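What follows is a group of structures, each given as structure tokens.
Next come two complexes built around chain A: one with chain B, the other with chain C.
So, the complex of A and B:
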């Protein structure tokens, strides 16, 4: 394999990784934008979805569609529980952003421990089996059907979310709340209910990346904080409330992390993530597609 | 994760009825406390649990005989230095054990100075790094260091597996660095080409970029230095998913249930292991294999045999000291072991100790994965 072919393969692999990053980030970004919550517990929500999927498949012997439904229910249930029983009471008491962030971090640690106790610290990995065959046989390009599935699901998820926000009543209400909370309340929007919907949607968006990680590098409970760190970097890079920003930032980080191994040791990959964030914060603090406040 | 990390299990209690009977009929008055500081959870947890089964069987047998009573006190290191230090301090300072069975390079390297200071003797059947040579006068390995096993498997790979180009995947760890250096030196001595060396962090789960880089050099084999079974399984699985059909080389830590969990993808992996034959006719091995099979309804593996031997060796040294009416301290144990036990014949074969640097020599074989099992394919010495 030539050096340029290696670089191309690393970029292609980085696109797949970036898609997973974007999917992880979009739910985090949604709650940050609509409810103003730095949703650190997002990492736990993703793990809940992934491990519910794993339990249904491996322990329950369910088919993939039933297991995906179980994963969806697991993630949404946890997301809504955190919203109703933790964020809402704290917000009603006037807890500031730092207080909410700390509480969210506490929730992340609590659920990480719970998942560790239930499934063990080793985590879970499943084999993607036949999906790991190349899309086109005989090419030196490493792009298999599993990677193609990740790219397709990512694009469809972002399109569906765009449609929901731009074309539906609940989406318009979400945007109204994100734009001006007081005005939205005056207009009669049920803020509380819409924010619960937002939490449910953010949690549901955890399922695709959880499933992809489960069948790819595996899900490990202690990775919850790392997951949410990546999500927050992508959300900040992309710009608050920007769907396109989250997609582009995720891809940018994924490709940068992967491509840098072309010339440097892979052990230094994550350095690139935070270097990118630092440079962007210097030159464009509102993020790639965010609006300057 | 304190609740999991600090899990402490006091073992040997299941043998209580035997202990009571032995104590009455043979006048047992001393309980020997034995530390077991190994990964019981985490990526190496399954392997550590497996090793515990071997040690526990030896404890049960000794306690059932009634002449001595052993209490095995287990602490979970998770193969992490920090947890290892916490566990060692608890064993040495709270439980007051004179002797600890331990393993994994990071843990041994971290606790060796503490063992020297507190004169607690460390025995290990699961530390492969040559960096541990002479790490402490209170440390002895019963597992060959990997500069020795590298000198055995690399010529085998070159001659029998026709490996001309070797890729090296090194874990960023004490063991990884020492093993990587040994491999490069030996491969160069054989006049062969090292196509590439790539490294990865010990918490990495995505090896695809590193593997893509290695595969671009078209190696005949990849030597993986990880001592973590789960990581090794991930490396092999992800390489196969990228279309790599070549050989993987490794060492004894590769014999981990996590490897078998990836099924056929684990085939064409070759690693060194001390000789251990479950069908051997000598009495010690046969007795161990029979007892283990009876208890667990499956035959034992090399790790279980090694850890059975550690407890039996401890018991033999302790018995000598008891006959000499000497107290069982770490210092006395060391003196007795180094003066009276230059070799030891256990269930896993003969151990030839080099007390000058804490190493050991054992007969070694090459094993591979075939039909969902680890199988021997050749003797190396």
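So, the complex of A and C:
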């Protein structure tokens, strides 16, 4: 394979990776925009969804659709539990951002190692099997069905989320809370309920990336913090309140990381993510698509 | 006895780490999860420079200087952003450090690390066991005294003022940027010093000893003891060094034992925020805003 062809393939790989990053980031961002919570425990929700899916498939012997439902339930259950039993009481007693952040970090560590104890430190991997065949045979550019599925699901998820936020009553309430909490309260919006919905939606958004990781490189508990970190970098890069920003930033980071391996050893690829973050925070802290704060 | 001396040495090293992190978290209200990175820089500087003939103290000083420089890099975004942004910058710095330690094989030995670091030689006398424990105790006490003095000086007062109301400090004409940068550099240099002592003590360094969970552990020591008190982190460091040693005698398979230790750290962080946000020895509300 020629060098430029390799780069092209790496970019295609980067797009799929970027889709996964965008999906993880959008759930994280949702709670950040709507509830002002830095949801570090989002990584734990993703693990819960992924491992519930894995347990149902491998240990419970369930079919894929039932297993996906189990994964969804696992993620949403954990997301809502963390919201109701941790964030809610802390917000009610006026704990500041740093306190909530620390508690969220603690929760992530707790669930990460609980899952390590239950499933072992190597985590879980499943084979995507027949989906690994290329969409078009014989091209030097390899784009398999699995990657096509990831791209389609990502676009559909973002479209659905855009519809939810822009066109439905609950979405309008969420945006109202995000833009002005006090005013939203005066207008009689049930803020607590809306934030629980937001937490549930954020958790549900964990399932596609968790499933993709499970069938791709594998889901490893110790990666949880790194996953949240990438999500937060995407969220910051994309800018607060911008769905399009999250999508573009996720793709940008995915492609950048993947293209790094063209010239450097794979271990170095995380370097590009954080270099991008560093430069951005120095010159444009509000993100690429965000409004000036 | 040798085991006890080892535990005390480790506790002393963590006291230096926790006290220096408290300068950032407790006094200046800047949260940081990069402390293990500066710790690593000190340890690896000593490990790498042992082969050259510049001597252990020059190696230690080099590590401190590099860590201080890198701290300043971490501090730069903190001049414009705070809270979650700063936290993420510091986690990123921590992870980049681990990436460099793992991948720059020629310099750092990669995942295998660097072995056979000689003990610290003071006045021609190599320090082992209790003698090294005594030295680290002196260092820990000295670091505590210096930090205490510094935090009760006008500089310390300025840091606390920055934490409580940055805007007012700016309006009073205080150089907030310089204060933040210097406290970051000072704190990073102290962590590197602890790292250098650690390398001499264990005679072996590898990346797993300096990853993000170590940063979380140091933060937990500060929060548990009481951020912004200096003596609180000392108590936190001692407690969290000795606690796992007590738990060691509980029967559990090795993998599970290690994981349950981390699990308890996570749980402790949540419990502290819920029931005693100011820490065991802290007074009033803990209010780091980062």
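Observations
Just so we're on the same page, the second predicted complex is superposed on the first by the 293 of 293 C-alpha atoms of A that agree within 3 Å, B and C clash if a C-alpha of one lies under 4 Å from a C-alpha of the other, contacts with A are read in each partner's own complex, and residues count from 1 in each chain.
Throughout what follows, a contact is a pair of C-beta atoms (placed from the backbone, for glycine too) under 8 Å apart; a residue touches a chain by one contact, two chains touch by 3 or more.
As the structure is a computational prediction, the values presented were derived from the model and not from experiment.
Looking at the shared chain after the overlay, A:106 reaches chain C, while chain B stays out of its contact range. In the superposition on chain A, no contact is made by A:173 with either chain B or chain C. When the two structures are aligned on the shared chain, A:220 is found in touch with chain B, with no touch to chain C. In the superposition on chain A, A:83 makes contact with neither chain B nor chain C.
After overlaying the two complexes on the shared chain, residue contacts for A:285 are found with chain C alone; chain B is out of touch.
Shared-chain residue A:236: touches chain C; no touch with chain B. Of the two partner chains placed around the shared chain by superposition, chain B is the only one that A:132 touches, whereas chain C remains out of contact. When both complexes are overlaid on chain A, the residue A:13 reaches chain B alone and has no touch with chain C. Overlap of the chain B and chain C interfaces on chain A comprises residues 113, 116-117, 120-121, 265, 267. Put simply, chain A touches chain B in their complex at residues 1, 3, 5-6, 9-10, 13-14, 17, 113, 116-117, 120-122, 125, 127-128, 132, 134, 142, 144, 146, 216-218, 220, 222-223, 257-258, 261-262, 265-267, 269. For chain A in complex with chain C, the residues that touch the partner chain are 32, 38, 86, 89-90, 95-103, 105-114, 116-117, 120-121, 225-226, 229, 232-233, 236, 265, 267-268, 270-271, 273-274, 277-278, 281-282, 285. Note for the complex: chain B touches chain A at residues 1, 3-4, 41-43, 45-46, 78, 172, 198-201, 204-210, 212-213, 215-216, 218, 230, 234, 237-238, 241-243, 262-263.
Chain C contributes residues 29, 31, 76-77, 80-81, 83-85, 87-89, 91-93, 95-96, 99, 102-103, 212-213, 216, 219, 223, 255-256, 259-260, 262-263, 265-274, 277, 286-290 to its touches with chain A in the complex.
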